[in-house]
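Right after this note come the structures.
After this come two complexes, each holding chain A, first together with chain B and then together with chain C.
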Partner chain A sequence: MRHYFSDAPKTALQASYWVFVIYLLLPLTLMMAMSFKDANFIAFPIGDWTLGWYAKVVQDKQFLEASGYSIFIALMTTIFATIMGVWIALLISAEGIWGRAAIFAFACLPAVVPGLINAISMRIFIRVLDIPTGTGAIILGHTVHAVPFVVIMVLTRLRSMPNNLIDAARDLGADSFIAFIRITIPFLAPALVGGMIFCVLTSIDDFVRTFFLGGYQPTLPMLIFAKVQGGMSPEINAMATLVLIVTAAVGLYAEHFTRRSRT
Partner chain B sequence: MVDSSMTETRASAPRAGPAYAGWIGKVTASGLYSATIGLVANSARAKLVLLLAVPLAWIVLLHVGPIYQMARISFLDNYPPAAEGPIHTLGNYRLFFQEPLYFLPFVRSLIFAAVVTVAALVVTYPVAYYVAKIIKPQNRTRALLLLLIPFWAGELIRTFSVIMLLANRGAVNVLLREIGFIDRPIPLLYNYFSLSFGVIYLLALYMLLPLYSAIEKIPPQLIDAAADLGAGPFQRFRRVILPLSKDGIVSGCSLVYLTSIGVFAAPLLLGGPNSVIFPEIIASLFHGSSDKWPEGAAFSILMLAVSLSTVGLFMRVAGGRSVRLM
Partner chain C sequence: MQPVVQFRNVNKYYGSSVAVDNLDLSIEPGQFVTLLGPSGCGKSTTLRMLGGFETPTSGEIYLDGKEISRLPPNKRNVNIVFQDYALFPHLSVRRNVAFGLELKGLASETIHKRTMELLSLVRLQEFADRMPAQLSGGQRQRVALMRALAPNPNVLLLDEPLSALDAKLRQQMQVELKSIQQTTGKTFIFVTHDQEEALTMSDVIVVMNSGRIEQMGDPHTLYSRPRSRFVANFIGESNFIEGTLKGTKGGLAAIEWNGSIVHAGLNGHDLQIGSRVAVALRPEAVSVFASKPVEKLAFEGRITQRLFKGDHTSLTIELPNGQAIVAQLDPVALSQITDDRVWIGWREEDAVALAD
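Our next item is the complex of A and B:
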């Protein structure tokens, strides 16, 4: 009897887990399924199935251009955000720095400010500085948003770095530049890879910043948004499914990589 | 002692240190390197300046600068300012409190974010507990991974996928009609229901992960001890598990609250005319010409101040010192 009672909550918890998994996966599964519908409107039941939408999407010039543009922005964002993130993290972890907590707080500011406010303040900022909207502004906006996350990841890793590694390198004749390149950077590698993949994914996914900072050339989310607003067809589902598969594969690789390097 | 003398010799004389292989060797062997980077790398003060200058400039210019400019413009009566010079005013802030068209959506937004936060907490708590405490440790990563998959899809794609479920000819309505439960579709989309459903769908992970890491840290012996002393499942939860997972609850709630206040794609795609929340109002002030920018900036500052102070207060009251947002 006692056994029965102690098991009941467990079963309930297990059920809640699976219900939640279904809740998370169901909309995306439906969205993917709809991309195979052989009709030019979105509605259940699906009825006839086709691969035609995919054939159309992979030949769609707009889609290919938007993909290339998104990837370019993501790569630029990643490069700048990684450099600045590591730099700020090194500053915060340096010895004898005054006001460390304040620097950390301000370094994290763009991550705690709600996304819309972040985007709007950046829109005002580039207007004040006379920077035109478009590619440069998007990259700037994405970079500022990504830097705090790189800082946090790198700082976490730096805290577990033994001080004597650098001292040993210095004793063996390396100056601090060499020590940085040969000791610190390799030690940070897992955090760097994790941070970079995070930068790529958030930049490719970003909607609100691109919405305010972008020019006439659409990124992937902007293209999908425009298509959703312009009348829905399963073509959007095929597009979104392709994007989803690629980003999920990158995310899965990142998860795999960081877990392997942790052990 | 030894260290300082070594630094001096290295700083003054050209370095005859070890030679390195690969590109590092080429870089360090070049004259340019020993003249510039090598000098910087060996001088403590130059290093400090290099370490300080760029990151501080970045933070001041690009992390604080935009917020500062937004605050500055919120006090102007016109942007771009008139040729005679800017006129400073509090009118934009006054307008907010005088005009229910602005004020009410703001209140709605705060309530909406609070409801979403509480709902996300209630929904994800049992899931986090199950993964952290009941699943066998060797299966834990797999169970977590299953929950992470949807979050690799972007904000927009996830929002869009909610339409598949809730539209008039979406899965739920079609299924209900098939079983004969309803004759005409229930309007699930373009209202508060679809909006909160979508936002919880977007943000559940931000609640789940802090909860998971807090619950995982609770020593199982404490729960066993409570059971041995006669506490039933409910009492164990209320007196042991809940207080000990407070850190996770506080950081999860703060994250979800802050993020849900600023959601933008979800109200555009899932909201309707009756569920206008504040982000849409702010965004509409920034469309097209810039004559409404000062108002939009003032509203953004108000929203930022209220949301950050709400979360700050919440963390102070509920969490004490041990809680960090990240």
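Our next item is the complex of A and C:
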């Protein structure tokens, strides 16, 4: 009994952790369960089970188009954000660059500016420049948001890189470009993969920026939002479940990859 | 013979601090040359200038008669082994060694053949497909050495490559480095602050201090005929006794010290009669007697410390004038000494007179 009492704080911590986990997982579980329900309305009990909603979703042209569009935007965002992020990280880690702290702060600003403020300002910005809303504007907005994550991940990795690896490559006959391609990039690979997957996930997930910058073609979150406004249905649950499973798989893979490369 | 490496009036400043001060140095091909000195003496800067990682503030560096002072590292036919090896962590042992050969654009069979030859030279063929992280310190060291030798450089630079190894392994690697240098016949320029390492391996030692060369010569000359107090102190251990120069005769200096005249080798030095001079005396050159010797000059003293070093014992003997002299005795000589009251003496030619 004494032992039990002395561990009270620990027990309380563990209990609150499990409360948190249930709070996190229960809604997701409910959502997934409902996607298998053979009825048009969302409520317990689930009488008959079905995979029909999934069959409907994967045949839904709108859903497939929106998914493809989201993935396209995510890939473009990733390409631009990775190039810019790596470039900024290299700039910050280079010696003799004036105002490194300021460069870093500006590069990271988009990560802390609220999404809504960011989205509104971007909307005003593209109107001033006469850029039409739509694909280009969305990619622009997503890229600005994704760059800080690439910068931080690449910079962390870059700081753990021994200085003389590049010296050694140069010594063995590589010019600075070859040394960058053959030594720096492979060394950064885990951070690059991690950062790129992060870019993809944030881009696919983004609603606010897309909403303000998008044109008539809906991305996946916008499509789901539009459908929800027309009333909840198990079909939406099936869509959301598919998105959840794919993103979770990609996220877990990224975590696994970066963890393995770190050792 | 044309020197393979030549520094002419090379200076290197970092802001206002001098790293290398008006360096003139010629290195003959095929030699094992060591740049020796305390940290901050300019030895590493000298090596990095030769490798192309630093640019001289003024002066020229020649490699095989060609000026290379301002060429980037990839345009110089020298390769370097770094202190922490700098192996590429994402490449296997084989790919690390092949790196320089691949950049030369050689055929892949040629690269493979040469890589395996080099690895077998250090008995690492079986480790060819391992990653650097899976190797021990000594193995990494050998891979780094072979990677630097692979492109067949005129001169191999080694920047304190043994300092990360434990004592036993370091001794093995000293022998191995020396034998690789002899089999390849290449010029090795080795940087270290460890005088024992320098004495063991080098054909020529360049002792550096504050960006300048203090003395350059073969290990034996440097040890037995140091030209300055710094060298006498840095290479091996020395006792110093200070006195006034009374006269010189036949290569020997007569110095007044402790109420007697002692003699020491002049070593070609031009010392002013009447000036203060120091006499450097190696601990192993000091003889210790249990009783006052008859025909030799000897000084009475008391043993204040005995340090057992295994194969020898180090005695500290304090003279009446307060001077402490360290003597190194082998077990046979030590067995003669039973009392703390002793007499010390030395052969005149073992003592070296130096400007104080």
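Points worth noting:
Here, the second predicted complex is superposed on the first by the 260 of 263 C-alpha atoms of A that agree within 3 Å, B and C clash if a C-alpha of one lies under 4 Å from a C-alpha of the other, contacts with A are read in each partner's own complex, and residues count from 1 in each chain.
We take it that contacts are C-beta pairs under 8 Å (C-beta built on N, C-alpha and C of every residue); 3 or more make two chains touch, one makes a residue touch a chain.
Please read these numbers as outputs of a predicted model, since none were measured by experiment.
Legend: residue contacts after superposition of the two complexes on their common chain; A:A74 is shown touching neither chain B nor chain C.
Contact with neither chain B nor chain C is seen for A:A137 once the two complexes are overlaid on the shared chain.
For chain A, the partner with contacts to more residues, out of chain B and chain C, is B. Touch criterion met: A:I124 reaches chain B, while chain C stays clear of it. Look at A:I183: by the touch rule set out above, it reaches chain C but stays clear of chain B.
With both structures placed on the common chain, the touch criterion links A:L213 to neither chain B nor chain C. Judged by the touch definition given at the top, the superposed model places A:G173 against both chain B and chain C. Once the two complexes are overlaid on the shared chain, A:P162 sits against chain C while remaining clear of chain B. In the three-chain superposition model, chain A touches both chain B and chain C at residues 170, 172-175, 178. Note for the complex: chain B touches chain A at residues 3, 10, 15, 17-18, 20, 24, 28, 37-38, 40-42, 47-48, 51-52, 54-56, 58-60, 62-67, 69-70, 73, 123-124, 126-127, 129-131, 134, 141, 143, 145-158, 160-165, 167, 169-171, 174-175, 201, 204, 233, 258-259, 261-265, 268-269, 279, 282-283, 286, 290, 293, 296-297, 300, 303-304, 307-308, 325-326.
Here chain A touches chain B in the complex through residues 5-6, 9-10, 12-14, 16-17, 20-21, 23-28, 30-31, 34, 42-45, 84, 87-88, 90-91, 94, 97, 103, 106-125, 127-128, 140, 144, 147, 152, 170, 172-178, 181-182, 201, 204-208, 211-212, 221, 224-225, 228, 232, 236-237, 240, 243-244, 247-248, 250-252, 255, 259, going by the rule given at the top. If you check the complex, the residues on chain C that touch chain A are 51-53, 72-74, 78-80, 82, 84, 86-90, 99-100, 103-104, 147-148, 150-151.
For chain A in complex with chain C, the residues that touch the partner chain are 162, 164-165, 167-175, 178, 183, 186-187, 189.
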